[in-house]
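Each chain gets a letter, A, B and C, in the order it is written, and its residues are counted from 1.
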Amino acid sequence: MKPLPLVLWAAGLAALAAVPWLGSRFYTFIATDIVILALFATSLNLLLGYTGLVSFGHAAYFGIGAYTCAILMKTHGVPFPLALAAAPLLAGAAAAVFGFFCVRLTRIYFAMLTLAFAQIVWGICFKWNAVTGGEQGISGVPYPDLGWMSALPLVGSLRVGEQYYLVVLVVVAACLAVLKVIVDSPFGRMLTVIRENAERAEFVGIDVRRYELAAFVIAGAFAGVAGALFAIFNRGVFPDFAYWSKSAEVLIMTILGGMGQFWGPAVGAAALVLLNQQITAYTQYWPFVLGVILIVLLFAFPGGIVGTLVAAGRRLKGASRA
Amino acid sequence: MLELRDLRKSFGGFTAVGGVSLTVAPREIVAIIGPNGAGKSTLFNLVTGHIKPDSGTVRFRERDITGLAPHSICRMGLGRSFQRINIFPRLTVFQNVQAAIIAHRGHGHRLWGRSADLFRRETMALLAAIGLEDRADAVSGELSYGAQKQIELGIALASEPALLLLDEPTAGMSATETRDAIALIGRIVRERGLSLLFTEHDMEVVFSIAERIGVLHQGRLIAEGPPLEVRANADVRRVYLGGHA
Amino acid sequence: MFDPSFLFGQFVSGLSTAMFLFLIASGLSLIFGVLRVLNFAHGSFYMLGAYLAWQLVQWLGPRTESFWLAVLGAALIVAALGAVIERALLRHLYGREELYQLLFTYAVVLVLADVARYTWGTQQLTVPRPPSLDGAVNVLGATVPLYTLFIMALGPLIAVGFWLLLERTGIGRTIRAAALDREMLSALGVNTSWLYTGMFALGSFFAGLGGALVTPVRSLVPGMDVEIIVEAFIVVVIGGLGSFWGTFLGALIFGQVLAFGIVLFPRFSVFAAFVLMAAVLIVRPWGLLGRPLDR
């Protein structure tokens, strides 16, 4: 797929940035949710789509990032930029430790160990009342000090939730840009090669375990950033941020959007959040609907939304040339 | 260049390789022949680090490489192709070979810079050498068996090996394809001054380029030497029914 | 706390839990061994078995035999459901990557959980013990319910019965062959397609049977599907994926871990199971009696 021109990127970013002025508070709320989850899902895709590693426990790093930010900001009054920097460091460190053991396994065993580690993280959050607030979690996580924004021309008039959305947008855009650079780099190429044929990769001189661990740590770190952003957005953190169902959610998002494309997971995040909004307004049986969507996806649209669109586009181009 | 000393490997009660010793000199072309199940692929796997031997040593360029990880052995200058097609199917031909070059040149760790055009010149040169430069952008998994075998060779060569291990390089090919493939391999090996150790079923292939031949039977070398000698060997004739004698 | 009759009581409780876990986990292990699919929906089948048993008891009335009829009926219905799901849907995903099969079974979990929620609601349901097994006996100072003893006896019975099936019958040979080499088996003319359906149905039968049998002991609540699949996973990992006796051993070990873990480490019981699972996966991924899986 040819890389999208920079103009399209800038246009997309501008459109997203305009949401607080174009829509109501609710739209900004949804947009914040989508943007954060887009980062979370894209970080997972570094493992899933690019390296071929199926992780059932990616929420662990989301949770660690979230708790790190919440604890630093709420309990210790640390300013936001520092807390935001600490989240990926801790999440990445955890990923390094867990990943070291996980990459020594393959396929189903790898997946199950990632799940086990994530549940251990959940358990720690659930039980360590003193630090993590236990089952109740930590509520009342403060917004960062956005006073400086009030001085700015356009932005000053916005509510704090909308100002925070813009901060989130900038952080996520920067993170996604870094991730894009990584997947386009020689390192990214090595990951794809590992996905295609790990055995052959070994015989080409690639230390597969080391590369997989590196991917695991990078993915975990970015998930940590997403978690930190979410902690503030949600005004609180709870143990189920690390629960396996959150890992399943982000996995579904990634596949729904298309794990074979860079923007697939982001599209999937948007699709899932919007679908959830729409459907839960009518019925409490969202899991049922999600299950059915997933089944349809697996059978009819394995490439996800973006993958299906790209394939259709190719067919159209081929037909028009003929 | 390569020295195997008394290599042994058993699986359960079955002895796959029972004490094989062999040397390959620089720029030499050696073939290992033997019926199915003789232990040829296992022997290769022992050399390239895919399996650890029960006993015995493998020395490459004066260094003991016994039991080292495959990626380390590759970095020392040992290139290998596989009996079954072992390429990167969803990548293009160009990307297949380019990836191997990127890994070999030690750029795999770079998190910056676009990989799309890295080492373009070197990759195209290698593709030209193996005759695939006009199909550089084709998706490798969709090409013919013969073309995929060529890609296999290209990937192995990309690591700039001093010794090439080819496991049944002409398996599954027609007579014409086999002739072409062997001619290509022979030419490349001689041009680049490589050593070559390969396994084969096809006798004509073996006798056309091998300088020395080793005959493997039930995990043991029952004969070893120049082609004419091996051909005349009574044990070999008895064991190796069929083929051209 | 270290009063011997209390310890013995816990031990017996652990054995009973083990046997019933074994029943469920062996279904999971069987499906993985032959079909190479880790069926997340196995817990959902267990849950359905429990709810269906409750429903059938409601319909059949409070007669003595109604409990056993309900148990059998529930297990058979679940087996049929499993067969339908495998035949109509799962079958078409066999050629694809493992991830798709796993996600499919997860989707089934989502669907079945809501089907149960819709049909039976979210409040706790209970099934009374069958009159023939109501009551308890005194063993070494501990009061052991008769029903618990029944489960403890049933476990080894089923284990031996199933082992005999695998080792001594033609069908068993076919199953074992399928676990080792499917392509070879179909090349030999065995209808592997129906074999898989049959295996999936059999595994689901065990899940449904386990769910139905547990109703007098554990109450039916939403979330029981998740709880049991986690426990079954751990048992199978400890024992070794695809290994029959491994599952038995894993169930025995885990049963005791559950029984004594809650007593000794009340704060950590929540994720002690996962710590155990992680430890096994790190040190010996193929479990105690499994075969190392090739890359």
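Rule of thumb we're sticking to: a contact is a pair of C-beta atoms (placed from the backbone, for glycine too) under 8 Å apart; a residue touches a chain by one contact, two chains touch by 3 or more.
In this text, all values refer to a predicted model and were calculated from it rather than measured experimentally.
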Chain contact graph, described as a line, ring, star, complete graph or other shape: line
Identity of the chain that, by mean CA position, is farthest from chain C: B
Chain nearest the overall Cα centroid: A
Separation of chain B from chain C, taking each centre as the mean of its C-alpha atoms, in whole Å: 48
Chain centre separation in whole Å, for chain C relative to chain A (CA means): 34
Approximate Å spacing (C-alpha centroids) for the pair chain A, chain B: 43
For chain A, residues that touch 2 or more chains besides their own: 199
Of chain B, residues touching chain A in the complex: 48, 69-71, 74-75, 80, 82, 86-91, 95, 98-100, 102-104, 107-116, 118, 155, 158-159
Chain B-facing residues of chain A, complex: 181-182, 184-190, 192-193, 196-197, 199-208, 211
Touching residues on chain A, where the partner in the complex is chain C: 48, 54, 101, 105-109, 111-113, 116-117, 119-120, 122-124, 126-127, 198-199, 248, 251-252, 255, 285, 287-288, 290-292, 294-295, 298-299, 302
Chain A-facing residues of chain C, complex: 38, 89, 92-93, 96, 98-100, 102-104, 106-111, 113-115, 117-118, 233, 237, 241, 267-268, 270-271, 274-275, 277-278, 281-282, 285, 293, 295
